[in-house]
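Chain IDs A, B, C, D and E follow the sequence of writing; residue 1 opens each chain.
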Amino acid sequence: MAELWSNPAVQSLTWALVKVLIILQALLGAVSYLIYAERKICGHIQARTGPNRVGPFGLLQPIADGVKLLFKEEFIPAQANKVIFHLAPILAVAPAIVTFSVIPMGPPPMFVVTDINVGLLLFLAMSSLGVYAITLGGWASNNKYALLGGLRASAQMISYELAMGLSTIPVILYAGTLSLVGIVERQGGWYHVVTLPWSLPGLGAELWLPNWGIFHWYLVIPFVIFLITAFAETNRAPFDLPEAEGELVAGFHTEYSSMKWALFFLGEYMNMIVISSIAVTLFFGGWHGPGLMFGTHGWFSPGPPWMGLVWYLVKLGALMFFFIWVRWTFPRLRYDQLMGFGWKVLLPATIVNVLIAALWLYARGAGG
Amino acid sequence: MTIALFVGFAALLVVTSLMVILHRNPVTSALFLVLAFCSLAGIYLLLHAEFLGMVQIVVYAGAIMVLFLFVIMYLNLQHDVESGVQIALRRGIGWLAGAGLLLAGATLLGRGLALGPAAEVSPDQASGNVAAIGKALYSRYLFPFELTSVLLLVAMVGVIVIARGRARSPREDA
Amino acid sequence: MIPLNWLVALSAIVFTIGVVGVLVRRNALVIFMSVELMLNAANLAFVAFANHMKSLDGQIFVFFVMTVAAAEVAIGLAIIVHLFRLRETVFVDEIHLLKG
Amino acid sequence: MLPIPYLTVLVFFPLVAAVLVAVLPQRFERSARAWATLAAAIEFVASLPLWSRLTPSAPGFQFEENLAWIPSIGARYHLGVDGISALLALLTTLMTFIAVLSAWTSVERRSREFYAMLLALEAGMLGTFFCLDLLLFYVFWEAMLIPMYLLIGVWGGQRRIYAAVKFFLYTMAGSVLMLVAILSLFQMQRQFTGVPSFDLTSFYAMPIAPTLQLWYFLAFAFAFAIKVPMWPVHTWLPDAHVEAPTAGSVILAAVLLKMGSYGFVRFAMPMFPNALAVCTPTIAWISIIGIVYGAVVAMVQPDLKKLVAYSSVSHMGFCMLGLMAMNAQGFAGSMMTMLSHGVSTGALFLLVGVIYERRHTRAIADFGGLWKVMPVFSAIFLVVTLSSIGLPGTNGFVGEFLVLLGAFMTKFSWAAVAATGVILSACYMLWMFQRVVFGPIVHEENRGLGDLTLRERLVFAPLLLLIFWMGFMPQPFLDRMQPALDRTLELTHQRAERSAALVERAPGIRLVSAPSGDGGSRP
Amino acid sequence: MNASLLAWIPGLPLAAVLVNLLLGDRLGKKGTAWLACGAVVAAFALALRAVLQLAALPEHERHLSEVAWTWMRVGTFSVDVAFLLDPLSAVMVLVVTGVGSLIHIYATGYMSHDPSFRRFFLYLNLFMFAMLTLVLADNYLLLFVGWEGVGLCSYLLIGFWYERPSAAEAGKKAFIVNRIGDFGFMLGAFMLVTATGSLQFDRVFSAAPHVFTAAGVTLATLLMFLGATGKSAQIPLFTWLPDAMEGPTPVSALIHAATMVTAGVYMLARSHVLFELAPATMQVVAVIGAATALMAATIGLAQNDIKRVLAYSTVSQLGYMFMACGVGAFGAGIFHVMTHAFFKALLFLGAGSVIHAMSDEQYMRRMGGLSSRLPFTHGTMAVATLAIAGVPFLAGFFSKDEILHAAWASGHKGIWLAGIVGACLTAFYMTRLYVLTFRGPSRLSHEAEHHLHESPPSMIVPLVVLAVLSVVGGYVGMPFQQGGNAFETWLHPVLSAGGHAAHHEVSRGVEWLLILLSVGVALLGIVLSLRSYLWNPATATALQTRFAGLHRLLVNKYWVDEVYDAVLVRPFVGISEWMWRFWDAKVVDGLVNGVGTTLEGGSAILKLFQNGYVGTYALFITLGVIALFLHFLR
């Protein structure tokens, strides 16, 4: 047993296992409470209060839902392809969890499960696998609405996946590496924005901003596009055509019940968390705290390592709120508008943006 | 450690490939193919071709197989019926040919390719794979790269023309 | 490190499975998938040798193969769909007349 | 010697005339035949210097023209004429003139193209006789086929397509073999002398190992045998003749058949003497079989033209036997047979054409008792039949006698069996003559037949004159052909020794330092 | 004394032919007649002048030769158109031109009312030209030209009345049989050329003894003899002569009695040097001559057509001539040729005038008792019959006796015996002919009776002249003159050149005995014939019934024709039919067309592989790959 432990490979393996378990539990908990949060916020947006019966302020609602779903009756449609019918929900959840393995929640080595140099690509790969869940789910449930919903969803996700991939390129250009940890480290520190003509007394004319992605002018549009595609990828808000209640009943998971349906739901929210954490990593400087610097001094405190995690969670929460907020404010897009917007507007925009970013960086690189 | 992984992935690959051609239902074969691609991506990673691994999943598993599934579902293909003597004959011959091919390949392999052990790869290469590919792609292989873009364009145009079919092909409304 | 012979053997096996798939199956789509299998077997061999020779050319070539494969699948599927529209069937041995 | 490039003019004038006749506008359709006859007449007159200005005894070839044609492979536009080819060329021009003259009434539709084809055919034939460059020879050899094919194919009888295709493919098959031989010879020649050339004289100079010669000889011999036609490969001739229009079959019989034997004399025999020595008995016996077989089969032919066709096979058998006798008499006899067969068989076909024009049938049974109705025709028919039988005093006899004499000198048995051909020819010709001309008039249609018109008599006059001239005074012809034939014979023997000498010197070794300069040769 | 006129002897008839051809009908009957006869008579005059010139020359260099132009000169071999007049050819020329002109004159009368009068004389003149060339030729090739020319003319003249299919058939038969003979002659000539290098008579004869091997000369002479049998209608190739009677009678007289048929004998006599070198051939000639004589004579007994009888008698007499040559007495042979020409021509012309009178009736059974109605014909015919029978003091007797004497002298007893028997038979059937036509009851049909009239003078004069000649002709060769008979001495320089046959002298007594014997036999024949046909006709029918089988055999001419037809002609036609239908059409053509069909078949099979199944194509690709692997494995 002793020499077993001395082997570094085994050590890193066990340490990775521990981290995975932690993340898994954290995620399950976060998702259930995210659902709860969504229902609460949606309620307040619609001037009503969300669930507050179960436990104080309804905090125990998610647990109640979970237990309810556990005991609901399993129902498999006739002539449906049983294997695929069961496979679909699993495929919804699996890719999301895998992406978490590369997301840096805090300064390495503590808060990063693993750091591979193609982290971003892994994310893109896993997001593309997400399509299967919906497609298969729709098809396997042998139901016309489900099939149509599945096909629509897969078409939508494929189209927007393209735009999402391209919108991350300016960040890569800026960061110079595909590894997420590298990108976040690149976003540390400050960068001189502009020297104002008039200097504030005692602060000097220099305006310094934190090095986050969002603050670079050429990364703003990619962030917006990334955000839009994020909505599309997770089938939320304006793009939630697949399970549009009105037309297609519950979309691809009409036939699903109890635990399988729950898995779908879990998958959806987990995707939401993943995509927003990627957004945070790429554009909001990951575990770097904010800080303002003006003139020669500013408030910036690196703080201890776990502070990075706090900053990460705060930014994540903000984005989550934004997701939920958008969901209950924007109307659903028609399918042709959806596809048209994806191909005719987003795609060209991202390409142009990549061009601008590349030119600017080249000029600055050559200049600087 | 990597050997074990490799054997695992290889076994997975072979089994899934076999299942692809053996299974009657096209959808199941498609899914097995996806699994095969993923195991292949894994092997790429083991061979330090991370970029390819990821691209493999994005392109093959993510895009191509979705197309396949899309078409299978669109055409609503049911269980393949493979009956009749003529078909059995052809299957038999097919398997025989395959065996022959394998046999020939094996003997060739056994006799010919003693290329010696793979060269020890330098650790620093880990981060550079994607960068190196990028650099090579845009320097030495720029022309082929542009060519592939033209190819894809042509393919797109082709697909659109074919898919749209003739303006009022009689069977359009069927 | 993974010995080259194994890799090439694996590639050969997968390739053969692809070939058998093409020969044996009647469904055009499955044949198409087998072709993909064959292509990937080739890619595997490429990567194996690229790794062995410590040069990137193999990998880049796999990249090109993938693009070609993608184009091919696109067109292939379009044709199959069109064919299905004309002949109501996807079985290859029922599509052997030039008429129609 | 002449100021202008005489031979080229001779060859290409009919070609030009052919084109002009062909493009005559529609309203000149009627007068096309007049123009064509004029052209043929001019051509004949133009070819007369071949007779008068030719100095037979001069060695080598006369009226020579030698221009670079395809320099890269050394193919030269090399024309020349000697005793043999001059006489044959004269025969060609004369027979074409007569054929054109005879075809005035027989051709109704597309007559302009018909005459154009005849003239083009003449150009092809003259070209073949004159050229001394193997490639050029092959070109003309093939060019000759096309007009003949069209003549048979377009203006022929019922089964003309079959006959035309058969004729074309048969000859083509043979000549393709020859082409292969020519090319490999060219290759050997280039290695041997280093200078690429298709020139005949250079091939004459190059010794070839006897074993190799055999293959070349067989290739050439096969091509020419088809053309002669020799016994086993003759079946195209009856079909071609039966289906060809009169003028076409006249030229086919009069000249095209001579191509084969001319080919033997000019190319096959001198170039591969050792192989020739080996094959002489076989070819001799084949030609003898040809003689007897041709006569025997001709005996029972119901169709006049087929009968004459088979008689051609028999006569050409004589011709080849003469060549195989390998002595002065044999060669002279063969050459005389070629000329006399050209004249007499040409006349025979014209005669058959005359009655075919009147009765539109070629079956012998449909005729009988023509003497009463067409005395002049019958008289001419009699004379031509006698010439064809080889009655002494007519041209047939001189050739046959010399051939048999030559054959006899070489081998008694050859002449003995071949001589039976003399009897057989008498049998079938006279039996045919009797059924056609003698006897009472059985069919009413024959009663009203008109005798020969002036034009038709004009056609036959020169032929009859030639028949008797060659019969009684053959010496002018013999004088002209003699030296050339002797030279060929002597060349054959001389080359035989030189090539044979190669064998002793272990053919494989390439003698770089050979003093005599002729060097070794490729094994 | 220019000898250039020799060429004009054959030249004159040729000129006549050309003039006749060119002027054509404008001449009219009279004109053509005068032209034709004039030419021949002029030729006779020229010949006579030349012969006189020849006689004037001393004995040993008695020959006039003249070269017209070189005919063929190829390598060493050369032959030219040259004419030679020596005692032998002198005799022949005189006979040919003499008898020829008489027959021409006769023919003008005989053919006077024939529509194609002009064409007849055209052929006749052409024949004269050919015969004269043959006789005056100075080498074998020119002789051969004449030889075939004569054959041609006989073909034309026999088939003169071409409307009659039998005439045309007879013409063709004559020509082909002659051609077979010529085939032999040609091969013989070739042997001469190969051996002696030339065909010129004197050069051949001088070179022959030391160049030829025994077998070679025998074969050569045998072949030439084959030619002679063809031309002179001997045993194997005689069948054409009886059928040749289809032609007009003057033709029969001229060609089939006087001139053409004797060409064979002349050729033998001319090349006696060669024949003497080959005793075996001499033996064959003698035997065949005797056999033909006997066989023809026997057939002659039973014939009822007047011209057929004469034809067979000619064949028989020719047999005698060959018998003479066979035993080495070429002189006697030629002498018999001359005498036979006279009386046989006379007989034919007589028969001709009988037929003319009886308006073309040739069947003896329907004649009889004409002696009073046709006095001149009867008279001359009687003389000729006696002459041919061998009655003493007439031409026939001398020449036949000469032959018998020579036969006996040369030790061929068997041959002599055949000769004697033949003589008796000849006498018998000639008298039978004479009796049946002139003597006995008149069996004429009524309208024949009505038209009976004596021939015009133009026919009678030649008859009379010939009668005189057939009486006087004999004395030229009368035996027991001081230097041997005149005829022998005249021919001596030519015939003595070669080694003489074993000719042992016969005592004068034996000679007289032989003469008496032959006369006796002749008289016996005449008496027997008179008895059975004139005095006691019943015996003829009795004889026929008793020897019915023999009679039928003779009437049918030993079925020789039928045998030839069955053995040679029909199988030959059968073979050629088979060769054409089966061999040419099926085998050779089959092969050629076969190539086409096999290609078609092959392509049909290959077509199966292109069946549209994508699966099969994939399979082939895989098999291809496997093959590639296997290739690399080795």
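Observations, loosely collected:
Note that a residue touches a chain if its C-beta (ideal position, glycine included) is under 8 Å from a C-beta of that chain, and two chains touch if they have at least 3 such contacts.
What you are looking at is a predicted structure, and each value in this text was computed from that prediction instead of being measured.
The chains that touch both subunit A and subunit E are B. Least step count on the touch graph, subunit A to subunit C: 2. Geometrically, the chain at the heart of the complex, using CA-atom means, is D. Of all chains, the one whose Cα centroid sits at the greatest distance from that of subunit E is A.
Chain pairs C-E and B-E differ in how many C-beta pairs are in contact, and the one with more is B-E. Centre-to-centre, using mean CA coordinates, subunit D is 39 Å away from subunit E. The geometric centre of subunit A is 98 Å away from that of subunit D, both derived from CA atoms. Subunit B and subunit C have CA centres that are 6 Å apart.
Inter-chain spacing, taken between the CA centroids of subunit B and subunit D, is 73 Å. Among the residues of subunit A, none is found touching two or more other chains. Shared contact sites, meaning residues of subunit B that touch two or more other chains, fall at 51, 55, 63, 74, 90, 93-94, 97-98, 101, 105.
Of all residues in subunit C, those touching 2 or more other chains are 19, 23, 26, 93, listed in ascending order.
Checking each pair of chains for touch leaves A-B, B-C, B-E, C-E, D-E.
In the complex of the two chains, the subunit C residues touching subunit B come out as 1-10, 12-21, 23-27, 29-30, 32-34, 36-37, 40, 43-44, 47-48, 50-54, 56-57, 59-60, 62-64, 66-75, 77-82, 84-86, 90, 93.
Put simply, subunit D touches subunit E in their complex at residues 166, 170, 232, 234-236, 293, 296-297, 299-301, 327-329, 332-333, 369, 371-372, 386, 391-393, 397-398, 401-402, 404-405, 408-409, 415-416, 419-420, 422-423, 426-427, 430-431, 434, 437-440, 472-475, 478, 482, 486. The part of subunit E that touches subunit D in the complex is made up of residues 69-77, 81, 141, 144-145, 147-149, 152, 155, 159, 162-163, 165, 167-169, 171-172, 175-176, 179-180, 182-183, 186-187, 190-191, 193-194, 572-573, 575-577, 579-580, 583-584, 588-589, 592. Contacts from subunit C toward subunit E in the complex involve residues 19, 22-23, 26, 92-93, 95-98.
The part of subunit B that touches subunit A in the complex is made up of residues 1, 25, 27-28, 31, 34, 41, 50-51, 53-55, 57-58, 61-63, 66, 69-70, 73-74, 126-127, 129-130.
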